[in-house]
Amino acid sequence: MRTVLTILRKDLLLELRGLETLPAMILFAIVTFVIFHFGLNRDTIDGQLAAGVLTVTLLFAAMLGINRLFVAEREQGGFDAFLLAPVDRSALLVAKAIALFLFLVVLEVIAVPAFGLLLLGPSLGPALPGLIAVLALGDVALAVIGTLVSAIAVQTRARDLIGPIIGLPLLLPALIGMARGAGPLLVAHASSSPPGRWVAILALYDVVFALLSYAVFDFLLED
Amino acid sequence: MTTYGRGLRGLSLAAAATITAALALTFFYAPLDANQGFIQKIFYIHVPLAITALCGFVFGGVLGAMYLRTGDRKWDIRSYVAIHMALIFGIGTLLTGTIWAKASWGHWWVWSDPTLTSFLIVMLLFATYQPLRFSIEDPERQSRYASVFAVVAGAFVPLNFIAVRAAQAYVHPRVLTLTGGNLPGSMRLTFLVALVGVALLYVTLWKYEMAAKSTRMQVRALRRALLGEDSVAPLKRSAAPS
Amino acid sequence: MDQRPAIELRGLYRHFGERTVLRDVSLLVPAGSTLAVLGRNGAGKSTLLRILATLLRPHAGDVLVFGEALPRRGFAVRGRLGLLAHDPLLYRDLSGRENLGYHARLHGVGPERVEELLDAVGMRRRADEPVRLLSRGLVQRLAVCRTVLHAPSLLLLDEPLANLDPAATELVSPLIGRAAGATRVLTSHDPQAALAEADLVLGLEDGRAAFLTSPDKVDPAAVKRLYA
């Protein structure tokens, strides 16, 4: 646990110093909302369409972060430094996944209100608790798969291409869960609780892939 | 090294025989479908191809797990061949599926069927297998990463089907009504024979390719041992394990 | 002090695809002594060091470090060895102090040790600047600190004095030189300098051990052949 915190602290410090990835993710999300406004030629959207636009935008913004997750490690010897330390190697997976999750949370804290302002018809207020739950579960999926895919991609030649093409199909079930879970929430007079079926699917997906990633991660690090 | 050639002739004959039998049954024995007519018969090749492809992907995942466990390169070669055979069978599935869709429903693609959609997602995922392998030059790392991918993607197959089915089941009725236990006897027999035939074809082709690869490796190793390192040209960068 | 040999190799092999990088290397390094590894670029020196550092696994043969078999028991020896190679293993956007603090925490070492080492290499003044602003020589000093932070008993040094001016070389000698008391494996492009430091010399040619003797028995012609 101490190892996880050490690595996490280092990553957050690096991001604060460089401040490249997170602002880019946020800007990208907001610009994408504007693009959707023009692309769909709509002033407001609601319901399933709104949920789809929000989910897809968050997904592509997440891809920016995912592509950069292990780059510093690869290019500045961070893998070797970690591998030489007498620590549990899965700590790297956990630390990176938590870092990515935190980035996504910060992204959403800014992007979701922006979405409410720019594109969403009905007010966000009553839907918020349910929406937070759905997004949180979706973020776990993005964080777990994103970390796994990023660790694979960083060792290949076509680094930022491989990440998305492997990650996007893998994330489709989680995406379906996020979009379908949020859809009923983004309408006028929405209930504040998301449909149970989708929460269950997201949770199942999260658990299965978290365990699977934990099991295979070691093989990606050793040589 | 295992001899993949053993029993290959018998296997090939069995596969050929079963497929011939399936074709015969399809054209002469199975009844004509009342709604769709003759084109419905494509079902007898389409569904076995789909089932074999999906099983092939999961099989590839299991073989990949064996490589991770033992570190023996032969498991990685087996996994590679299993997955790329399954990809070929999968492309066959998509082609026969679109032909059937166009002929019977008038559209080349229908989103409303969860099985087709799930299958497309799985194919999109496995289509990245060879680009992934190709972009890692270190052969040992290539095998290891490919095996990790095979394991994760293999586990993904069932999960994906569950999720997509849940997404669509309550909106549309099942379009493919001729599955599972609904088949009348004569159709069921034809289907089963076709399934066994395609499965045998998969295994036969798998063995052929394994035999070819393993022989090539042995020849290279022998040349190197007898004639020295320089007698064998280094392999070009490739997606296939060597 | 341990009476077991620090390093024992028996028939070590390592491949890269179809190419054999290390072929049937066997040797024994007693605790506290220094092994110098000589050889051309591509002879396998760095690979050998990385295997000893538990970063690469042997493909065949036995590798024992402090009596522990690698790679199975890698986790048992990692805390006792230090690697200094071409890559300083420092994050360029963090300062020297922050980098060393990170490594210290990973190894379970306290911050006082970081300060002690920064002092020893004369880096106190510039320890808070991001590493990317430092000259190569200063980065190398930090890299030496990183290597000895956890007081390892086995030092693996790949060209340790590269980029260091004479003053810096004097500063780091007590940390990574003979006086440090640790078992050392070092490589160098300068055979004479390496021979002066060594108790045992290994000559690598195309992955094979061309010779393995004490420095006074080294045949100069053999050394010349290595680099021919």
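Letters A, B and C name the chains as they come in the text, with residue numbers starting at 1 for each one.
Rule of thumb we're sticking to: a residue touches a chain if its C-beta (ideal position, glycine included) is under 8 Å from a C-beta of that chain, and two chains touch if they have at least 3 such contacts.
On a predicted model such as this, the values are computed, not experimentally measured, just so you know.
Novice: Taking the mean of all protein CA atoms as the centre, name the chain whose own CA mean is closest to it.
Specialist: Located nearest the centre of all protein C-alpha atoms is chain A.
Novice: Name whichever of A-B and B-C has more C-beta pairs touching across its two chains.
Specialist: A-B
Novice: Average the CA atoms of each chain to get its centre, and name the chain whose centre is farthest from that of subunit A.
Specialist: C
Novice: If you average the CA atoms of subunit A and of subunit C, how many Å lie between those two points?
Specialist: For subunit A versus subunit C, the centre distance works out to 40 Å.
Novice: Distance from the CA centroid of subunit B to that of subunit C, rounded to the nearest Å?
Specialist: 48
Novice: At what distance in angstrom does the C-alpha mean of subunit B lie from that of subunit A?
Specialist: That pair's centroid distance is 32 Å.
Novice: Indicate the residues of subunit B shared as contacts by at least two other chains.
Specialist: 140
Novice: Check each residue of subunit C and list the ones that touch at least two other chains.
Specialist: Within subunit C, no residue touches at least two other chains.
Novice: Send over the residues of subunit A in touch with two or more other chains.
Specialist: Each of 222-223 in subunit A touches at least two other chains.
Novice: Can you check the complex and tell me which residues of subunit A touch subunit C?
Specialist: For subunit A paired with subunit C, touching residues are 2-3, 6, 10, 13-14, 17-18, 72, 76-78, 80-87, 222-223.
Novice: Can you check the complex and tell me which residues of subunit B touch subunit A?
Specialist: 68, 121-122, 124-125, 128, 131-132, 135-137, 140-141, 144-145, 147-149, 151-153, 155-156, 159-160, 162-164, 166-167
Novice: Along subunit A, where are the residues that touch subunit B in the complex?
Specialist: Per the touch definition, subunit A meets subunit B at residues 148, 152, 155-158, 162, 165-166, 168-170, 172-173, 176-177, 180, 197, 201, 204-205, 208-209, 212-213, 216, 219-220, 222-223.
Novice: Would you mind writing out the residues of subunit C in touch with subunit A in their complex?
Specialist: 53-57, 71, 75, 78-79, 81, 83, 85, 87-94, 98, 102-103, 105-108, 130, 146
Novice: Tell me, which parts of subunit B touch subunit C in their complex?
Specialist: Checking each residue of subunit B against subunit C gives 138-140, 220, 224, 232, 234-235, 242.
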